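Every chain is named by a letter (A, B, C, D and E) in the order it is written, and numbering of its residues begins at 1.
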Amino acid sequence: MVKLFRKTSKKPGLPPGTLVHIGEKKVEEVKISMIDYDETLIQERDVASIEECLRFKEKPTVTWVNVTGIHDVTVIEEFGKAFNIHPLLLEDIVHSDQRPKLEDYDDYLFIVLRMLRYDETKEELQSEQVSLILGPNFVISFQEREGDVFDPVRARIRNGKGKVRKMGCDYLTYALIDSIVDNYFLVLEKYGEKIEILQEKVLSHPTPDTLQVIHATKRDMIFLRKSVWPLREAINALQRGESALISDNVIIYLRDVYDHTIQVIDTIETFRDMISGTLDVYLSSVSNKMNEVMKVLTIIATIFMPMTFIAGIYGMNFKYMPELEWHWAYPVIWAVIIVLGVLMLMGFKRKKWL
Amino acid sequence: MVKLFRKTSKKPGLPPGTLVHIGEKKVEEVKISMIDYDETLIQERDVASIEECLRFKEKPTVTWVNVTGIHDVTVIEEFGKAFNIHPLLLEDIVHSDQRPKLEDYDDYLFIVLRMLRYDETKEELQSEQVSLILGPNFVISFQEREGDVFDPVRARIRNGKGKVRKMGCDYLTYALIDSIVDNYFLVLEKYGEKIEILQEKVLSHPTPDTLQVIHATKRDMIFLRKSVWPLREAINALQRGESALISDNVIIYLRDVYDHTIQVIDTIETFRDMISGTLDVYLSSVSNKMNEVMKVLTIIATIFMPMTFIAGIYGMNFKYMPELEWHWAYPVIWAVIIVLGVLMLMGFKRKKWL
Amino acid sequence: MVKLFRKTSKKPGLPPGTLVHIGEKKVEEVKISMIDYDETLIQERDVASIEECLRFKEKPTVTWVNVTGIHDVTVIEEFGKAFNIHPLLLEDIVHSDQRPKLEDYDDYLFIVLRMLRYDETKEELQSEQVSLILGPNFVISFQEREGDVFDPVRARIRNGKGKVRKMGCDYLTYALIDSIVDNYFLVLEKYGEKIEILQEKVLSHPTPDTLQVIHATKRDMIFLRKSVWPLREAINALQRGESALISDNVIIYLRDVYDHTIQVIDTIETFRDMISGTLDVYLSSVSNKMNEVMKVLTIIATIFMPMTFIAGIYGMNFKYMPELEWHWAYPVIWAVIIVLGVLMLMGFKRKKWL
Amino acid sequence: MVKLFRKTSKKPGLPPGTLVHIGEKKVEEVKISMIDYDETLIQERDVASIEECLRFKEKPTVTWVNVTGIHDVTVIEEFGKAFNIHPLLLEDIVHSDQRPKLEDYDDYLFIVLRMLRYDETKEELQSEQVSLILGPNFVISFQEREGDVFDPVRARIRNGKGKVRKMGCDYLTYALIDSIVDNYFLVLEKYGEKIEILQEKVLSHPTPDTLQVIHATKRDMIFLRKSVWPLREAINALQRGESALISDNVIIYLRDVYDHTIQVIDTIETFRDMISGTLDVYLSSVSNKMNEVMKVLTIIATIFMPMTFIAGIYGMNFKYMPELEWHWAYPVIWAVIIVLGVLMLMGFKRKKWL
Amino acid sequence: MVKLFRKTSKKPGLPPGTLVHIGEKKVEEVKISMIDYDETLIQERDVASIEECLRFKEKPTVTWVNVTGIHDVTVIEEFGKAFNIHPLLLEDIVHSDQRPKLEDYDDYLFIVLRMLRYDETKEELQSEQVSLILGPNFVISFQEREGDVFDPVRARIRNGKGKVRKMGCDYLTYALIDSIVDNYFLVLEKYGEKIEILQEKVLSHPTPDTLQVIHATKRDMIFLRKSVWPLREAINALQRGESALISDNVIIYLRDVYDHTIQVIDTIETFRDMISGTLDVYLSSVSNKMNEVMKVLTIIATIFMPMTFIAGIYGMNFKYMPELEWHWAYPVIWAVIIVLGVLMLMGFKRKKWL
């Protein structure tokens, strides 16, 4: 179960731009890797110090610096100085509970999104903040932990497959966003399966546990929605192409990824509808059961109470009870009792209680 | 029951424009047919290779190419090359889970909609993606399976009935959209009947099965809504006439079909209201029944418990119980018991429990 | 109960502008009447053939042609030819399930609204489509059945009361719309009374039938809302005065009728709130009753079960039960039983169950 | 309880501008009073005929005519003629069920609002329509019954306290609106107290009557909301200062009263939330009680049924029942029964039912 | 528990700008302190009379006057005169139930916000109104009680840490707003913990008290929402930089605090969702318990009623009951009874009631 709310350890009142990491520390050491490419050349390396990146900064080639681990604020600060990045932006990078957004700092664009993963062993949704800085000829990405959804992009850069090598930093940024959004579909698919299983369970044998799972899934949907709704707006703003950093021929691709976010939102809303439908079915099946229980009780009581009463009558010790002396009284009473029971069962049948 | 969510088999991270078919394969072989017409001439044929179409592409006549089956991506790719279509658009064609939309690629318009059919034998809603490309003098339509709602349009083209032969590709596109939207009314009519039957059932003899059908119908409405809401916006965009491909005298027709989509949405919303009304009636009829069961139980218990208690009293074995010796005690007790029972029944009558 | 959904008999796929009547046939024969007037003269007649109207068409006087019955499409078609009306507009006239709307065809305005009537004998809402065409010096109105709310307008024209004779076609159109909207208040008044009766019933003696009426009234409100919401927008568009057919001094009147539609919508929303309040009261009164039933059951069981148990004890046949021999045992047991019963009743009193 | 819906006695179809009073007649005779003032002079009188007012109409001093009682349409008509007021406006004055609104008739502004009063003896909300006409140097106010919230304004005019004597008609209009809106806070305060009492009651001893009061308060909130929402828009329009009748230095005051209406709406929404919270608490306390009742029943039945069964066993009359002869059987049975009872009570304790 | 509604003691109808304190008196004496600084110098003092401040008013240094206690309207009035502040603004300062807002008085900006504190000993949310006036070279802040969240800002001014000493009044205003908004996160964190505890409690052992806490938390969320929603708009207006008092390089900081308010709102909405989820879980756990109770009752009744009936039969005193004489009758009856009981238990097992 994903946490809908994350504790902040930040002391309020610090001057703006003070870097304090907020969130779990998800990786031991900060790792920086770099890919520098244009249509003809490609260079890939792990970076030890930020100075190594700097000389690529001014080169016309596309330079993609990927930083894994954001808990070490000194590294982030160095980046800030090296690439001349606004302190408020750096603050947003290390506060890992940002909502997705786009901010235009004229010289560079800042994009925050959430990378999602469904951990099948723990059956839980994992979420990580990805921050992208798109400069004139560099892209810097920050992520919280190792392992990401960017491998296919790396592969395309290495093989020169697709258009990525022929285009600029804006296309790379698009490709990164696209692979994150594409991954949402995978996550949604898991939930689609989960909900289908829930729907079957709720019809066949609903238990209070089913209810728990329904509520947990509902919460996950709230989280997903919170992650994707603002993203949609951010990508829409990108797509409008108001920044000089986005070239015209990339806009059509951004429109495509915008379309995907709408589809993701659509699916989330559908899932929410389906879950609340499942909840309704659960609740009515519980109330049906209750009804059934009540019917059993009523049938039993209605049949045996009169019969017990009759038995009680002839258990009285009055001196003068003529029936007690009659020879066939006992079998007659049995007959009466049986007829009574049968009549009642028939009544219940007619009332459709049986 | 229509699937609200469709599994995607696409691997995320592929370069944009990579064609991977998403959805069920609904037809064995791709079938391409072509109608080429102007006011005087008409030519109709099945097409084996795309080259056959190409020479019609530049002719001023209206050329309508209809492709049935979208699972074979090589065919779609050939189309892309032949008609110079953007790869992202081709991707959308083969991903059969698009939401309805309009995209303006300057040289051509791309329209996606859903064609619906109500299969009466299986009692389920069937849905299929139709993609339309409107070029300067050609219209290409892609559909997932054989059988469509375009036959009346074909008939009108063949007979020259109506305006279709006198007008251009934009009118043909309108006619195709219109026949799809018109068909929604047929589907809605089926649901209208279904809901009316539900409403009667829920009043006469509601069962848990009725509840199932109510929930299933509710889900179908969610699906329908998801199919039509975005269509409305797409047609509205078309109707605004911002594209040079749409001539002024077609706009009035598009306004008409726009009006129809609003009417469809209206009806869907009404159906949703009706279904949730039906659900409310179901739930209160269930709780009424529960009430009735409880009343029966309470009446039985209230009548027989005191009576059984009296019988119990005179079943006691005390040595000194004067009543036991009285001669008329037994009939008197019977009288007491009967009077008690009648009084109670009268009490229940007054409380309107009977 | 008004039908929220009307079956369509139209075959989808017909060319646009094909006239097929949709809806019930509410009148046997089409009846056409005409009033032609200016400030000084007035002429009124029943019209046998449309040609009769034609010579008034070009006259500067105001010509109001009223057509009762829309099932005969040939008559509508003739009108179309005579007054040069777009086929799509004619189609809308004969499809009697339009939502209210305004369409501007430059040479004339087309307005669709619903005329409502509350049939007190059948206790149901009746609805009929009225189509108005406002041309430069003629107004044509189409209605589905005989009897309308226009008689006061006719009277004002005949007597020359009010401004109607001094003003043009736009004022006449306003007067017709106004009398339809005014009539909504009458219909709403009926519902106001109905809801007040429901509110009393639900407090005094709610029955499942009350619930039925609540749900039916709720449905009628959905229908009313569907009829008035789009009307508001249509009148708002009229009132903005964008058409040359609406003169400036009529706009202030249209603003007034616009105001009335807002008031109607307001009242409908209030009624919806009131009905759902009534439903809430009903449901809690049902659950209160259930509670009462349960309490009766529990009180009876709690009092008689221990007492019956005591009687059972002394009904046992053990050889050595000293109490059985005691002289005062029987009256003592009675005393015990009575004290027990009184104590329990007091306990229930304290728990406020009695 | 305020009526959410008022019966209209107006016959639909009358020519627009026909004055027919709608609403209760709340005062016997129409009373007209007048205050005429500028910074130096003040003149106050009761007016018998409208002609008296007329000569003040053109004077540059501020003339405030206050009319109490709107049922006498001839008086209103005379006003219309004397001050040259549009008939539609007059119609709105006498239809006392208007929603608050602002209408700009160029030469004068027309403002409708609702004056509210909470009658503490009858414990009900009373509402009255106030219509204001702001002309170049006169203000006319119409109210339905005697007694209003304008006394402080009158006092300020008489004493020359505040700015009112130094400013024009627009400031007077502001002052009147302001005193009406200020009074809303008093009304809301009453409701605030009422809701707090409800909240306590619902926790301590909720009864079906509490539910009635909750529903009635909910209805009053609906009414209040209906009265204030449109007022907010009207004041916003005033405040935008588009009319030449509103001078710039009054706009800042109108902004202030606009702010107050927002605060009123805010409070109403909060009250609605609080009431529905109270309703939720009520419903769960009812269901808690039901639970408690059920538990008592179950505990009683579970304890006494087995015990009665045991007593029943030894009440059987079989010839060969060895236990009956045993000497200690009776006390042993008592011990068994008591142990059984204690065990069951402990079981219930563990299940937290006791 | 925070009060959602505060009683107003203001008499309606007073002239606008009349200062009457509304709200509790939270501090005995008004305390005024002042900090005057620029990049090089800093001067800090407690102020006895307002005249002391006045000579700083025109100095180009930044002057921050902080007033604690707003119940003494004469002090506020003096401020008004000294700093030439509009009376309506002063009225807003002393009415401590303002909703957050920004008002532009050209020469100065007026900002109202709520400072929140979570009192852990009383477990309640405390709220206080803070009013800020931003003039060309002074900032005046009014707060209701001693103790605030501004200490870190004061510290930064004293130490010259951060940018505060290098920038103007607009930055100081930003810093004050920022420290208030930052503090919201602390408050939200407390609620986050509270809600998590609630979620666990509701699963492990829900009691009616839990329900109370859920409802109280829900109310607090309504209050928080009411405090933050309008703030968002106010900061948005500030951030748009329309006032000359806000310099361009402060706007980026305001955008940041705007972002924070959105995050706060987001979290509040999430909390609302979580609370209503918790409520749902509570309600279903209550209904599950009810079900369990009913099952126990039904099982007990179903097992013992038939058994008691059998015992009743053989307790009858008929003369001719052959079974009574049989030697093995008694053990056989026991066997029958036990088999019956076991069969029923098995039946319940199969129905999954056990």
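Here is the rule we go by: a contact is a pair of C-beta atoms (placed from the backbone, for glycine too) under 8 Å apart; a residue touches a chain by one contact, two chains touch by 3 or more.
Everything numeric in this text was worked out from a predicted model, so none of it was measured.
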Both-way neighbours, i.e. chains that touch subunit E and touch subunit C:
D
Give me the step distance from subunit B to subunit D, shortest route via touching chains only.
2
Per the centroid of Cα atoms for each chain, what is the distance between subunit A and subunit D, given in Å?
43
Once you find the CA centre of subunit A and the CA centre of subunit E, what distance in Å lies between them?
26
For subunit A, which residues are shared contacts with two or more other chains?
290, 294, 297, 301, 305, 308, 312, 315-317, 321
For the protein chains shown, what form does their contact graph take: line, ring, star, complete or other?
ring
Sequence of touching chains round the ring, subunit D onward through subunit E
D, E, A, B, C
Considering the complex alone, what residue numbers of subunit D touch subunit C?
4-5, 7-8, 10-18, 86, 88, 91, 97-99, 101, 103, 205, 208, 211-212, 215, 218-219, 222, 226, 279, 283, 286-287, 289-290, 293-294, 296-297, 300-301, 304-305, 307-308, 311-312, 314-317, 321, 323-330, 333
Subunit B-facing residues of subunit A, complex
149, 151-153, 156, 161-164, 175, 178-179, 182-183, 185-186, 188-189, 192, 195, 203, 252-253, 255-256, 259, 262-263, 266-267, 270-271, 273-274, 277, 280-281, 284-285, 287-288, 290-291, 294-295, 297-298, 301-302, 305-306, 308-309, 312-313, 315-321, 352-353
